[in-house]
Each structure stands twice: as structure tokens, then as C-alpha cells.
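To keep things clear, I will list the structure first and then write my remarks on it.
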Amino acid sequence: MNEVVLSCQGLAKRFGGIVATNDVSLELRRGARHALIGPNGAGKTTLVNLLTGVLEPTAGRITLEGQDISRLAPHQRVRRGMVRTFQINQLFASMTPLQTLALVVSQQRGLGARWWPALGRDRGVAERAQQLLEQFHLAEVAHQQTGHLAYGKRRLLEIAIALACEPRVLLLDEPVAGVPAGEREELLQTVAALPAEVSVLLIEHDMDLVFSFADRMTVLVNGAVLTEGTPDEIAANPQVKAVYLGYENEAIHV
Amino acid sequence: MLTILFDGIAYGMLLFVLAVGLAVTMGLMNFINLAHGAFAMVGGYITVLLMQRLDVPFLACLPLAFIGSALLGAVLERTLYRPLYRKPHLDQVLFSIGLVFMAVAAVDYYVGSTQQITQLPPWLKGRTEIGSLGMGHYRLFIIAVCAALTIALQFVLARTRFGSRLRASVDDQRVAAGMGINVNLVFLSTFAFGSGLAGLGGALGAEVLGLDPSFPLKFMIYFLIVVAVGGTSSITGPLLAALLLGVADVAGKYYIPKMGAFIVYSLMIVILLWRPNGLFVRQGGKA
Amino acid sequence: MSELLRVENLSAGYGEAVVLHEVSFALGQGETLALLGRNGTGKTTLINTLAGATRQHAGSIALAGVALHRLPSHERAQAGIGWVPQERNIFKSLTVHENLTAVARPGAWTPQRVYEMFPRLAERKANLGTQLSGGEQQMLAMGRALVVNPKLLLLDEPLEGLAPIIVSELLRAIARITREEGLSAIIVEQHPLAILDISHSAIVLDHGTVVHADAAQRLRNDPALLDRLLGVAR
Amino acid sequence: QDNVFKIGLILPMTGQQATTGRQIEAAARLWMAQNGDTVAGRKIQLIVRDDTSLPDQTRRLAQELVVNEKVNVLAGMGITPSALAVAPIATQSKTPLVVMAAATSSITEASPYIVRSSFTLPQVSVAMADWAPKNGIKTVVTLVSDYGPGLDAEKYFSERFAFNGGKVPEKLRVPLRNPDFAPFLQKVRDLKPDALFVFVPSGAGAAVMKQFGERGMDKAGIRLIGTGDVTDDDQLNDMGDVALGVVTSHHYSAFHPSPANKKFVAEFMKANKNLRPNFMAVGGYDGMRVIYEALKKSGGKGGGDALLAAMKGQIFESPRGPVFIDAQTRDIVQNVYLRKVEKKDGQLWNVEFDVIKDVKDPGKSK
Amino acid sequence: MSAGGQGDLLRASRIQPWEPVVWLLAFAAPLLFPSHALMVNEIAIFALFAMSLDLVLGYGGIVSLGHAAFFGLGAYVSALFCKHVNPDPHLGLLVSMGAAALLGLAASFTVLRGSDLTRLMVTLGVALILLELANKLDWLTGGTDGIQGLMFSPVLGRFEFDLAGRTASYYSLTVLLVLFLLARRIVHSPFGATLQAIRDNRLRAMAIGVPVHARLVAIYTVAAAMAGAAGALFTQTSGFASLDVFEFHRSADTLLMLVIGGVGWLYGGLAGAVVFKLMQDWISGITQQYWGFWLGLFLVVLVLVGRERLLKPWTWWRKS
């Protein structure tokens, strides 16, 4: 159960003179609940973009389930089971949530290139889409255009799409930003409750959530890995405190 | 050889002045104004009619052409264009093409459909030969005027905040206003200035390109090529694109007259496949 | 402490819909006001209305004696409003530096001083707005509001997406700015405890009306009340 | 209703060829004003349609005119492809088609129902090719617009010129929508021929002449010759002094010194706000005469074949001089004049100084 | 519950009651207005052309000002096929579609990258280069005179192309209907949904595993084939092909028609073709010289007032 599913070696990305990712090597094990934290601009989002193929690395190799995927196009990586969410919502504004999910499910089931039967003719697809809508509290807005939904609902749809792809590796980039405090925990519980063989990488600045979710953490600073360890180790690491967590309980008063 | 280069540069410069307003409205304001050529035509007709009917000297016509087109641009911006900034691009295309149709028919109605012919003042008619380089005085004049304009424009956009305020307004009107930028004024003046430049280009170009009511349609493609190839993020892009286009067109016709239009279009396609966002893109991140 | 802002019977919304109903409050110079409330209760709408980005139906806003509600949005900024919108709205085709210079007005806050406050931005001076990380955009939005050299800062969830260490630094900076430079601020935040610490007073919105107005410290020290007003008081 | 005789006149009224349409329509209306709208007891009705120079539009309009309006004669045709597209309809419906403008040689061969009242480019180019070598021009570069009539002009001029012992070192073709003649003219200047032979559609001629002058080509000893399209009467006055002395060959000049022409020009200008008629107008004017005469001759019956028969072989005095509709080719036979632009009473005119009589279309004489 | 989801999903693809009515009217038109059969034919051809542009623009999200390339190729291929190989119109139609599809496939690789403006210009350039080619290869294409006087054999071996245009109009309407039904199936299939996804958000489409480039290539090719069919109909019902089939204004007019009718619902191209052609015919019948002005005014008003509101005059005085 504990073999490495996703790993990268010596991954680097430069934008002109800026080194956004600097020689990052990372391993994600099967079933992991792994958190990636680090200061703003440390390169977390960039790393996810590299792993999923949205950006092309300046150097380095990416391996998914034993195969080198460094050269694959983004959609090919998705077909191999690696799925992500976006820090800033990326949705299909002119579709309804129902259509969106039906599309994702049929694409996931390899029906996306079919020209003939109408979308939704396949019973299984429609059922699965409906099921996802209910699971993510989207049933009552299923027929509204996505572009007109409230922010929170859109955030939920963003995550529902990722899960509809039935990932074996899931990369979440600040999934609960903008979600009301009360709903955040529930949302992460849905993620945590994914089948045990699904591996999850979570980026998040809300430390309460991160520490309750993760069983392993990597800290990224200035594009490079600062340290890696269990949540307790990280919480106790003075370097991490200095560059990221800050010293708590230091009163700031007027 | 040198003469061909000279003619090409003059032609390119002219295209630049004609198209730069479009580069600004399209590139910066993100508004597809296919009626741009109509403003150029207005400038051309102002000049021709003033010269023919009122005997106004050519040099005095040029600023009048600029002012006339700019005023027209300002009035139309205020009344018709403003609500369209927020509409989809295709609606803008439909709207501005509609304006072109109207302009074409209106000019035809009031002035007639024949080619307008102007008589330049004698000092612009001559020609100077220096070795193998022959320079028509009028083309020399065009180059001088256009170069001066380019420098002035570059100065306004690079040395003042106007350029970035304009871009900010385009990116997000609501927030730009919230940060203290008078969005309406910025748009109005940009649009009027772009139209004015087009009018000036039309006035300068009537002699070389000819002037009849189909002008806005005939040259629309050339303007679009300049903007597409030059990219829309700076003045230098369209300038170089226009010069490239002008020289390639003239040289192509001189050296391989049989190839006709192939050269310009092939060149454009190759450049755009190679640099899909034009020769010059705003990149940032190089510091 | 002299009064800077007075809002009376303010009603506003989007199109025909009225979201805010008869909101009134006042704020002194150099003071910080915490604006609290559940999701969708109208906090952003109130902020945007002060900035002139919504449709105002009734009421008045006076900033240092100027009748703000009569002015169009861009003149309000000139009259002393600095705005950090909830969605940041960085100008995407401008570089970081241009984002600052395009809106800068003469005063104590210069782009240079913003870079000193957020060294990260100085390193990214030439990046376009879209080439920033989420947190960097948040910093830039803050800096952009400051270089307008306002009398009143409107901060709509300024801490979202920022690393914990930056959050505490920023809070400290806000406290310092208000104290030392006499700037006033209105801060919206989902997590009330952090900002109540640096605020003088607080108002709580519900369904577009003010349901509670109090000194910040009193609210800070009364978890039960907070819980009742905000639902989840962490 | 049956008494009405309908003429379907399809012309480009908008777009780049618009002046062609305007001239012809004005001339046709002038003819009707002068000669009444009743012929052999039938009321003449003129139905004008705009085809914007698109052959598919010309064809549909022709089809509709034939089927719905039941026109007795089709007429007009601004450009060659339009005429060719309509030809099968003329044949199929047995409706005479009077071509009033399009000037490619081959048009009359496309249908036995086509009669032409304008001219052909070979006709006028050959005349120039005969005149030039006799007047000290040994080498000529040709510059033509790259479309049917231009190619005709190029072909017939250069073949005849070579036959007459001249040399054509280069044949240049300018795209029809060419904005700038500079590079072509520069090429000519560098080749230094004795003369430049130009054919461009009416309208573009002014630009050629101006740039010809501006480039100092006359001073370099190059003469400008061409077909009359270049010094189109319609625009000649606006062209200014650059046009002075240009020698062209054509079948019509508004300055043609005949009483018939003086009357035509005067009345045309009176009816059209002082617009000077050009060779397009005369094509339309004579085309109407051909139709009127045919209707008279066929006794007002107006069947297609009868009309056609009555059109063939007509001989009459046109404003351009004596003309003859060749019964065999259905093409016009006419005098071609050599003219020079001169200033008379402060106005520029194409003044005729030589004539080649009864020129048949050389495209068919082989 | 899940049945509900399925029903809702299928609702969009279900045939609406008004649709058969529209088509019945279209097919009745040549009988009801026999004198306008030619107009019906022309409208059907341009409706097909505009519909194929809708597949590219409305569904593929690719702006094109060079769609005439495929229309023109179809026109010339069917002309050449008739002249040199076989006068049968049906075969000619298929061959033209095949040729246009091949060109579409080749050209599709030029429209995958770049901004809207870039694509606009690249497509335009391709069409203009074809225009030049057709002009220069005059031994094959007849140069500026075009290919004239083609005689096609009767449709279905029985119906001659008549002067009144009845056969032509039914032939074109039938081809339009068949290809329309095909297009309708395509856009409502999962394939069509992925296209919509790509148009809405390319990045996200990739992130759910959609091969973006392959999809765009596919739709561009299909649309090219349909434009080729329109070009073939054009030649076959008029008996000639000339250079102007490649001209810029063909592409531009088609774009106008499509935008007038509304992009992205297939009927947009159809409605636009009807409105545009009828207006042009009507106004130019009244004023031959200045109809452009009124057409332009119509476009301006259409945009300023808005498509929906123009159809509902009672909303004009209300605030938007």
C-alpha cells in the first residue's frame, strides 16, 4: 500500500530571471494525505502546474506510477489518473453544474469523442453526475448557469469536477479559500473520506485545517524544499516557524 | 535598390499612421473597431474637399483633417461606442461594420463614387536624386511627418502615466475608477486621438493610396495585418510591422511582380505561426 | 479625535435589488473599524458602496466634510478613499510597478515605501499582474490602495490566502499605520478575533442592516455574544 | 400590361465599379428621354438592378428578371465574369443580352444571344500597337491590371507590337486592388523603354499618371501610352496637367467633333449635374439605340429571336462615329482614334488626331 | 432522481415543436413563392455556409475571416469535377466535401495557437492565398474569367436544373437539412459538449482530460467539409465558378449573417442568412446605389438595441 505513486526529481522552473521552482524532488505515496505549505510566492502553485503539465519545466523529471510522464500533454496525465483543482476557479461558465459534471464523467469514461448519441443518453453517466451534485450540495443549483453561481458554490463545483475525474492522485490548490468557515471542515472531510488508495496533495494556508488533515507535510521556500516531515515535526521546526508560521500568541495591540 | 527601400519605408510609415489608432483601440482598449478606416476616409475627404472647393493650402488641411476626425471620433465615442465596450467582440464587429457601410454610402451620396484627385503644392511634387537613390519629395514629407508623430506618441505612452492608466481602465473599469482614474475621460481622449491619427493618415495617404468611398473596406485588411503582426502592446510593434509590410510589399512587387499578393500574405502567416501573439508581446518578468 | 467618516441611512444594492438597508455609523480619524457578519450579509456591498462601485439608493456619506455620495467613483478616490477589493482585481496587463504608479497620488506613501513594506513585491516589480502568486496579488492590492494616499482604507478580506507569518505582519503594519499616520481603516474579515485585536470599534451586519455596534475590545472579550452574532465564533 | 416592353439592366451600382453603372444608367435614361418611352406601340420599361460586380448576383438577378419579370432584353454587364455568368441564361431563355461595358473579346462567343455595344480591348490596343512604331517608339513595357480585360490588352498589344518590329522587354501585371503603383513604375524607370503602355480600369488611371510624373519618368525620356481607359473622360479634368500630352487609343472621346456627339455630351451633362459622359456612357446609349431599333424593325413583337435578328447588322451614326453591329460575330465594328490630352478652354480633353477606320475585334478575326 | 438528471440533460438535444414547422415552411417556400425560388436557393446555400462557420466559431471558439477558402475550394472542385470527370452533381458534392475536408484538416493546424486576432488574420491569409492561386493557375481555373457554362446532369437523374430555380432550391434545401441534422447531432453529443468546454475554458478542459487540439482539428475539418458542400451547391446551381468565391467579402458577409442570427445555436446562421439576404434584396430593390447605408443602419441598431429586444418592441423604452 505504500509504494510511491507520484514523484519528481530535480524539477526546476525559471520565468526569465525568476526561479520559481528550484530543484524540487518530492514523493507522494499511495494513500498519502500530504500537505504542501510555504510562504506566498514559494512556488506551490507553480509546482502543481509543472506536475500537471500546464507549465513546461526548465529541468527535471516527473514519474507517475513508475512511468515517466514529463513529456505528456496535460490531458494525457489526467487520463493516467492525476487530477487537480485550481487556486482560482476554472469553470465552464456557460454550462450548468449538471452539464459540467455529465461532461466530465463521460469524458472520464472515454465517451468524450463520441459524435452520435446525445450527452446524457448514457444512463450511468447521468446517474453519476446526479450523485456528485448531491454529494456537494449542488443539487438545487444544478440548472443554473455556472457563471451566475455564488462564490462558495462555484468553489464546491471546482472540487466536484476533480472528484468526478475519479483521480488516483489528487492535487488541491487552496481548495477552501473563500469558502465560509463553517463549510470548510465539511469539505475537507469529503476529501479525506476518499478511498484509501487515492493520494492527495493539499496546498492551504489555514493551518488548523492543514494540521487536522495531513499525515505528512512538505515545506517549500523560495522554490526549494526546506524540509519534510510529520505534522508534529513541522510544527516544532524553528526554521518553519521563522519563515512561515510566525510566532503565535504574540499579542498585537492598538 | 535604395529607391525601392525608400518607397517601401514611406509606404510603411503611412500604413503605420493609418493603423496605429487601431492598434490602440484594439490592443489597449480591447475594442474591435473595424470602422477605423472610415475615420481615415473622413480625414482624406476633409483634405480633398477643402483643397478643391475652398482652396485651403495643403499644409493647413492636415491639422484640420486630424481635428475633424478626432472630433467626429469623440462625438461617436460619447454617443454610440461607449455602451459597446462591454459587449462581446462579435457584436463590436457587427456594429463597426455597420458604421462602415453607412459611411461608404453616405460619402457616395454626398461626394460621389469617383476617385478623388488632389493637386499637391509644387514643392512637394519634385524629386531629388542622390546617386542611385531617387526620393520623391512627397514621400520624404510623409516619412518626416510620420517619424515625428511616432516619436511624440512613444513619448506620451512611455513617459507619462497615460498608457498605464489606459490599460488599467481596460483591465477593470470599476476598480480603475475606484482607484481614482477617470475612466470615461481616458477612453474618450484615447478614442478621439486614435481617430484623429487615422484622419491624418487618410489626409496624407489620399495622394498615394487613392481615395474613394470604398477606402475603409479596401484597406481594412492592411490595417489588421499591421496590428496582428505588430502585436498590440507597444507602439514599436505596429511601427516595425508596418515598415516590414511596406518594404516587403514594395520590394516584392518590384523584384517578383508575378508573385503579387502571395508575398504579403505568406509573410503574415509565417510570422503569425511563428509568433502567434505578434512580433512584440508584453512579457514582463525580465527584471 | 476628530470625526472622519459619517454614514447615514445608507441603502444600496445592485440594479434593482437593494442589499443594504439604512446603515449608519461614524468613524474617527486614526481609528479602525472591524466590519463583521456572516457570508452574504452585505459586507462587501457596504465597502463597494463607499468606494462608489454599487448603486446607491438613499442616504449620505461624508468624508472629512465632503459629501462623498455625490461624487463619481474616481473622485472619491481623489477625496481620500483607498480600496482593496475582495477579489483583488489586480490590473492584469500592467506590471507590479505600473499597478502602483498608475494610481499613485502625491503623499507619504510612494511605491518605494510599499516595496519596503512588502519586499516580495520589489523582487517582482516587472512581473505582470497575472504572473503573481495568489498571496503576492493580495499584497499588491494593499500597496495599490496605499499609494493613493487615502485618508480612509477600505480592506475587504485582506488576509485571505496569505501565509500565517504575513498575516501577523500585516496586522501589525495596519495597527502602526493607523496609530502613527492618522489613517483610518475599515476591515472586513471572516475570522473576527485577529482583527478585533487591532480595531477600535466594530459593527456587525446581518441581512444588510447593522445588528450590533460596539467597542472592539468588548466584543473580543465576549465570545458568547460573538457566537450569537456571527454563528461560528472561533 | 402585355404592351410593356421590359429591359432588364444589370449593372454595378455600388462598390469599385460603381461609376460604370452610373454612367450607363444615366446614358440609358438620356436615350429614353430623347427618344420617348414608346416604341412600335409598346411602352418601354427599364428595370435597373445592382449586382455589386458579383457574377453570382448578376446571374441570379438575370434569372429572376427573365423568369419573374419576363424581360424582353437583358442588358448592362459591368465586368466580364458577370457577362459570362449570364450568357447561359440568355441562351436558355432565348433572351438577347446587350453587353454595354464588359470588354473582353471572348464574351460574344459565350452565347449566340449576346450583342455588344461597347468595345473590345483587343480592338483599341491593336490600334495603339500600329501607331507606336511609326512614331519612334521601339521598346515598350506593358503595365496592365491583372484581370481579363488587362490580359487581353497586354496580349494583343504586345503581339501586334512585336509583329510590327517593336520589343516588349517586360510585361507587368498589377493586382486589381493595388494601392500603390510605385514599385511597378520604378521597375519601368529602371528598364528605360521608349514608352510605357498602360491599361488600368477607369479610375486608377489618374494615380498612374501622377506617379508617372512624380517619378520623373517623362524627364527620363519615357512616354506614356495606353488605351483610353487611362484618360477616362469622366475624370480627366481632375487629373491636372500630368495628363497633358498622354497619347491613347480608344473608340470614344467626349471631344469627338461631330454634331451627334456635341448634342449627346451637352444633353448628358445637363441631365447629370455636369458629369461628363465617358466611353461607358456611350456604350449604354448606343445599346439602347440597338434595342429600340430592333424593336422597331421587328414590328414591336419582341420575340427573342426576332429581336436578335433585327440587332444584327445595324449600322448607325453613334456619338463616337459610324458603327456597325457585325451580323456574324454580333460584336461592334467601329473606328478607333488616336488621341492626345490637350487643354481647350481651360479644360482637359482627349483630342483625336488620327483614326483607324472600321476596326473589327481582332480576337475573332483569326 | 437520476432519471430527472438524465431527462434534464437530454432536454437540450430534444427537437423543439417549432423546429419541424420552420423546416416545413422552408420546404414550402419554393412552392409558395415560385418567383423567389432562386432566392430560396441562395439563402439555403448561405445558410449552410454560415452554419458551418457556426461550428467553427460558435462551437469551436475559433474566429475565422477565411472560411471562404473552403467554400471556394468546394466551388472550384465541383466545377472541375463536372468539366473533366463526371457531370453528376451528387458525386461532385461528395468529392467537393472531401477536398474541402482535406484542406480543413491541413489548415486546422494553423488555428490552434494564438489570439483571436491572430486566427482571424491567418484564416484570412489562407483564403486570400487560395484566391491568388486560383487566379494564377489560369490553365486550370480559367483565371479571372472563371469556369463558365457548366452543364450538370439532373438531380437524382430526373430533375433538370431549371431557369426558375425550383430544382436548385429543393436540392440545396435537402442538402442543408441533412447536414443540419448531422451538425445538430454533433453539437449535442459528448463530443459537442467537450467543444463547449474548450471554448469556455481551455485550461480546465485540459485538466479534465480533454485532448483540446484533437477536438479542434476534428471540428474544423467537419466544418470545412460543410463549407465545401455549400460551395459545391453554389457552383452546381449556378453553372459556373469564378474567383470571387474566395474573396474576403464572402467570409465577411457570412460572419455578419452568423452574428446577426446569433452565434452558437446552429439556427443563428440560418436566421442570419434569411434576414441578411432578404434585407439586401429588398433595400437594393428600392435604392440601388445607397442600400449599403440602410443595411449598415440595421446592423448598428441591431447591436445597440440588442437582438432579443429588437424582436420585442415593447421592451424598447424600459431600462436594460
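Per-chain residue numbering starts at 1, and chain names A, B, C, D and E are given in the order in which the chains are listed.
The working rule: a contact is a pair of C-beta atoms (placed from the backbone, for glycine too) under 8 Å apart; a residue touches a chain by one contact, two chains touch by 3 or more.
The structure presented is a predicted model; accordingly, all values stated were derived computationally and were not measured.
Q: Would you pick out the chains that touch chain C and also touch chain D?
A: Looking at chain D and chain C together, the chains touching each of them are B.
Q: Going by C-alpha centroids, which chain is farthest from chain C? Tell me that one.
A: Of all chains, D has its centre farthest from that of chain C.
Q: Rounded to a whole Å, what is the gap between the Cα centroids of chain A and chain C?
A: The separation of the two C-alpha centroids amounts to 30 Å.
Q: Counting in whole Å, what is the centre-to-centre distance of chain A and chain E, each centre being its mean C-alpha position?
A: Taking the average C-alpha coordinate of chain A and of chain E, the gap between them is 42 Å.
Q: Could you grab the centroid distance between chain B and chain D? Build each centroid from C-alpha atoms only and quote it in angstrom.
A: Chain centroid spacing, chain B to chain D, equals 36 Å.
Q: Going by the contact rule already set, what residues in chain A reach two or more other chains?
A: 15, 18
Q: Name the residues of chain B that each touch 2 or more other chains.
A: 105, 108, 258, 260-261, 283, 285-287
Q: If you look at chain E, which of its residues touch at least two other chains?
A: If we look for residues of chain E contacting two or more partner chains, we find 289, 291-292.
Q: Okay, in this complex, where on chain C does chain A touch?
A: Contacts found on chain C: 32, 38-40, 120, 123-124, 127, 131-136, 138-139, 160-169, 171-172, 175, 178-179, 190-191, 197-200, 231-232, 234.
Q: Which of the residues in chain B come into contact with chain C in the complex?
A: 161, 164-165, 167-168, 170-172, 174-183, 233, 282-287
Q: Hey, which residues of chain D end up touching chain B in the complex?
A: 14-16, 18-19, 22, 146, 172-173, 175, 177-180, 182-184, 186-187, 203-204, 206-207, 210, 213-216, 234-235, 238-240
Q: Over in the complex, which chain D residues touch chain E? Could you list them?
A: Residue list for chain D touching chain E: 13-14, 18, 21-22, 48-50, 54-56, 59-60, 63-64, 66-68, 80-81, 84-85, 87-89, 92-93, 104, 106, 110, 146-148, 151.
Q: In their shared complex, at which residues does chain A touch chain E?
A: Against chain E, the touching part of chain A is residues 52-54, 73-76, 78-79, 83-84, 86, 90-95, 98-100, 102-104, 106-108, 111-121, 123, 126-127, 129-131, 133-134, 142-143, 161, 164-165.
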